[in-house]
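Next up: the structures, one after another.
What follows is a pair of complexes built around chain A, which joins chain B in one and chain C in the other.
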Partner chain A sequence: MNGHEILPYLIIIPLFGAFSMPIVNLLGRKAREAWAVIITGATLAVGSALFYSVWENGILVYTLGAKSPLGQANFPIRIVWEVDLFGAIMVLMVTLVGFLAVVYSLGYMKHDTGLDKYYTLIIILELGMLGIAITGDLFNFYVFLEIMSIASYALVAFRNDTWEGIEAGIKYMFVGSIASSFILLGIALLYGQYGTLTMSYLAVKLAQNPTVTAKVALALFIAGLLFKSGASPVHMWLADAHPAAPSSISAMLSGLVIKIGGIYALTRILFSIYGHSVSMKTVGWVIIIFACITLIVGNAMAVIQNDMKRLLAYSSVGQIGYILLGLGIGLAAYGSQTGEIAMAGAIYHTFNHALMKALLSLIAGVVIHQLGTRDLNELSGLAKTMPKTTFAFLIGAAAIIGMPPLNGFASKWLIYESSAIFNPILGAIAIIGTAFCTAAYVKVLYTFFGRPNERVMKARDPEGSMLWPIIILAVAIVVMGLFPWQISDKVMIPAVKALENQLAYISAVLGGA
Partner chain B sequence: MDVMGSIVYPIAGLLGLYGFVSLASLLWEGIDRKLVARMQRRVGPPLIQPFYDFLKLMSKETIVPNTANYMFRAAPVLALATAIALLAYTPMGFTPILASKGDVIVFIYLLALISFFKIVGAISSGSPYAKIGAAREATIMVSREPAMMLAIFAIMWRLGKLGVDKPFSMGIFYQHNIWEIGTPMSFVGAIILLYVFCVWLASEIEVGFFNIPDAEEEIAEGLLVEYSGRYLALLKLTKALKAYIAASLVVAIFFPWGIAGHLTGLSADVVNLLFHTLKVFILLFVVGSVFRAVTGRLKITQAVDFLWKNVFLASLVGSLLLAMEVIM
Partner chain C sequence: MKRTIAYLSLLFILGVLLYIANPNYGLVFGPGGKEWLALRYTDNYYIQHGVQEVGGMNIVTDIVFDYRGYDTIGEATVLFTAIAGAIALLRPWRRDEA
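Entry: the complex of A and B
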């Protein structure tokens, strides 16, 4: 299949789905739900085909409006979309988790009102994330980032009859808007200095004439995107947004939004635009410092939580620390074997954590849905009445700790190994983070498998539409865990190679010019 | 792919080892009980008493408490399965069946996983006594493993410096051993580490000072309080296998010598396995039987203090002494 032909459908399908939702909604509840599932399912099909195409044929460039981005001039004048293997992995991850979250919503959101808006927003959220992953234009990136952010503000505050939904939504929106404006300011500075918004052409201009403005813009990008990724010390919105949001949304928030809007964008800007124009070592160490703080703060705070979803939120912060650590080492040891392994570990862990955290969030949703409480002290002995759900939780928790036959092991191993080679102190910090993480999840397991209390005795495993996404994610975690090194060699290492090859990224757009 | 060499032979070897180690480890329990009885001027049970016990437990009715969840029934099976899988990575007079680069981590992981499954099974019973036992087991586990991990990584790293084809593999002990280094400093370090491993072994098989998680007088058999019938039999078998495996590790590190001499192939492995079993029995006699007969248990807080302030410290000193010539 030709990647050029299918790439636009990645945007067309969700856009069409979201805009037609109010009309389809007139046909009733069933039609609305079927429409949401069809749209996200079709997006998943396109996303998988796109991933396969990029994996086979390398970088994919698509120009909006013409055959070539160059037009009459010898520089790009049109918006380009550029998907390399890293972007394709993100596309696959977003479409997969997005589809499962929508299927899950059918059962989970049954008791809420205003669901036409809910499904519209969730498809728009997916659309924004897909746009970020495929775009090769800096302003286009900002637009998609805002689409994603605004949809997620609205979804966090979706249950606007609860005080905590409104509180978390306001908090998220205020600080999130400031972070977005940092990014917009960075883009404005770069445009004023270099006069272009195409990422690859900007990379050329930057290499020819690195200026202070570019560095200021980079600082603004890092500040804004670290916020979006939930790194410490700007992680506080995440811990509030998670418990307040519906669980299908928190699965997408911590599985996808913080990675696409934070990690992916940061990686793309640092590797593909700034490439060799700034000192990779300095930037790498800046990221590493934030990574270490994030690792320790996130995991340590997870241990002391009594609210199940808050625990998962802090655990997401902690896992973002690992990904940032891999990214930082990948930058600081740029071009060496160590840097490559670290970056592969970061990308691999991004994908794995999306699956694991989506699984755990969906399970938390099931528990809340069945029992109406998130307080871990009241959930003792859940395994008695909800065996399938708790077993899936066991798998998810073991995977996130990094136990061998599951997928979290290989990705964390790559990060441990590279950080131990790069600097043993960083390796020790990573291990300490994992010790906290283990303590946090063992605490939850200890509760789930304990003596059942009265409240728990009335609970049951959920209906099929809520159970199947959980089963699919758990199976994916186990199956990916059986072939860790094959996946790493066949997908993740090539993705890093493509990412580090800035020249290929540039010449794919500029071509013969 | 070579189907015979990579699939059939390892599976056959693992099954064979499982059969042998089950018999040997249960037999050791019989010997142990007999010897302890003699030390206390009793006659003691016959040597094959553990086999009778096992068969009797297997034939008894199994009672599952109505507060228990599915992990109560799954945990004994998973614990035994983990112990069997661990046999493939255990050095038993010859290089383990599945030895590969870095498999020491798999060994430590699986050994800890057995305890973890026991803990999960105990919690899942819903009995508060079992829960106390599980909490104690977890506490002891967290306190005892760092000393062992530090020591074994230091030893493997040091032996790796002597030149081996698979660094950090359990097969390494049959290429070089700790006494070969030969300097006085490393000799003292090795003696200190031998002490560390003996205490670790005692706490791993929970005898003497460390018979805390199942403390029958205070918390009514602790971890195993709710288990009966078949599940109890499986757990007892797992415990016996684990004692053999943990002792095998200590024997392989400190006394790896074989007596096969000019023999090769299967016969050499069988001779080495038998000789290794003898060494395991001697070690278990010293660390298990004697220690069990002459001391009582500590309080849980004392045991944790002892493991951190004494054993871990010794492990640190021993590892540093062992590593000294290389780092200086």
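Entry: the complex of A and C
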């Protein structure tokens, strides 16, 4: 199938689904749920077809409103979509986890009110992330970042009768809006200096004339996007927002939002726009420093938590540290094989962590749904009464620690290996982070396999719509774990090669495509 | 302590922004003549070709609804999301049944 024909449907389908949801809602509860599942399922189909197409044929450029982005000039005047392999991996990840989260909400959100708004917002959240992943225009990136952010503010505070939901929502909204305005200011500065908003043409202009303004804009971008990705020392909103959100939403927040809005955007801006016009080494080390703080703080804070979802949230911060470490080394060792491996590890870990953290968050949701508590001290002996759920949690926890037969091993190995080659101290820090991470998850598992608490005795495994997404994610983790190096060689390394090849990214748009 | 550092960093950011707001080092304000063509070539294109390519006499609407119409869809979605979110958060509390 031709990628050009299917790419627009990646936006059209969720947009149509979200805007038609208030009308479909008039037909009743069943129609609304079926509609949400159909829309996200169709998006998943389009996303996988797109991934396959980009994987086969390389970079895909699509101009909105014309055949060519150039018009009668030699610079782009229209908005372009530009999907390289990295973007396609993100699209696949978003559509997959988004679909599973919607299916899971059928059972999980049953007792809540206002569900028409809920499904509208969750589809818009997915739409915003897809828009970020495929765009090749800097202002358009901002618009979709805002769509994603506003939908996630509303979804974090969705349970408006709980104090923590509202508190976390307010915190997240204030911090997130400031971070977004940093990004907007950076875009305004770049536009004022260079007069274009297309990423690839901006890269050309930047290479011709690197100015102080561009560096200030880059600093604003890095600051804003580190906020969005939940890097330390600005991770505090995350530790409140993710536990307070409904579990289907924390699966999407932990698994997707912090990566698309943070890691993906940062990578795209650093590699594809700033490419060779700033010192990659300096920027790389800035990212590495934040990565090391994030690694230690996130994982160490995860160990001391008693609240199950808060533990998972801090663990997300810790795992973002690994991804940032890979990204930082990929920049600092740009062009060498070490950098390539580190970046491949970062992309691989992004995908893997989306699956693992979605799985763990969904399981946390099941536990809360069954027992009504998130306190780990009250959850002992869950393995007796909820065997399937506990087993899935075991898989997820082993994968996130990086046990060899599961998918987390390969991605973490790539990051360890490259960091140890690049600088042994960084390797040691990564190992220390994993030690903390292991301690945190062993603590949870120890509780689950302990002596049954009386509260736990009446718990049961959840119904099908909540169990199937968990099973699918667990199977995906195991299957991906069986072919780690094949996936790495066939998908992740080519994705890094495409990302590092800035010239191809630029000429795909400017070459009169 | 934290507050002091915060104010100091705000002061630093303000200083940097003032520095690049100086036309000698950074952004040019009110570019004209040659600078207009060097810095605002995209705007120049829209002004020159807008009427003939799009057909509207108002350049701003030409840009907002044709050249960059996709952004406008995005803005409409932002508004829709904000309304959906506000209604969702202002709905009555769920009754304590369970």
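The definition used in the following text is that the second predicted complex is superposed on the first by the 511 of 513 C-alpha atoms of A that agree within 3 Å, B and C clash if a C-alpha of one lies under 4 Å from a C-alpha of the other, contacts with A are read in each partner's own complex, and residues count from 1 in each chain.
One rule holds in what follows: contacts are C-beta pairs under 8 Å (C-beta built on N, C-alpha and C of every residue); 3 or more make two chains touch, one makes a residue touch a chain.
Please read these numbers as outputs of a predicted model, since none were measured by experiment.
Taken together in the superposed arrangement on chain A, chain B and chain C fit without clashing. Applying the stated contact rule after C-alpha superposition, one finds that A:404 touches chain B and leaves chain C untouched. One of chain B and chain C touches more residues of chain A, and that partner is C. Once chain A of one complex is fitted onto chain A of the other, the partner contacts of A:19 are limited to chain C, with no touch recorded for chain B. Within the superposed three-chain model, A:143 lies in touch with chain C and out of touch with chain B [touch as defined at top].
In the superposed model, A:387 makes contact with chain B only, not with chain C. Looking at the shared chain after the overlay, A:192 reaches chain C, while chain B stays out of its contact range. Touch criterion met: A:154 reaches chain C, while chain B stays clear of it.
Contacts of A:451 after superposition on the shared chain: chain B is touched, whereas chain C is not. In the superposition on chain A, A:279 makes contact with neither chain B nor chain C. Between chain B and chain C in the chain A overlay, the least Cα distance found is 29 Å.
Contact residues of chain B toward chain A in the complex are 67-71, 106, 109, 120, 123-124, 126-128, 131, 138. If you check the complex, the residues on chain A that touch chain B are 381, 383-384, 387, 390-391, 403-404, 442, 445-446, 449-452. On chain A, the positions that touch chain C within their shared complex are 15, 18-19, 64-65, 71-73, 75, 77-79, 111-114, 117-118, 120-121, 124, 127-128, 131, 139-140, 143-144, 146-147, 150-151, 153-155, 157-158, 160-161, 169, 189, 192-197, 211-213, 216. Those residues of chain C that touch chain A in the shared complex are 16-17, 19-20, 25-28, 38-43, 45-46, 49, 53, 66-71, 73-75, 77-78, 80-82, 84-94, 97-98.
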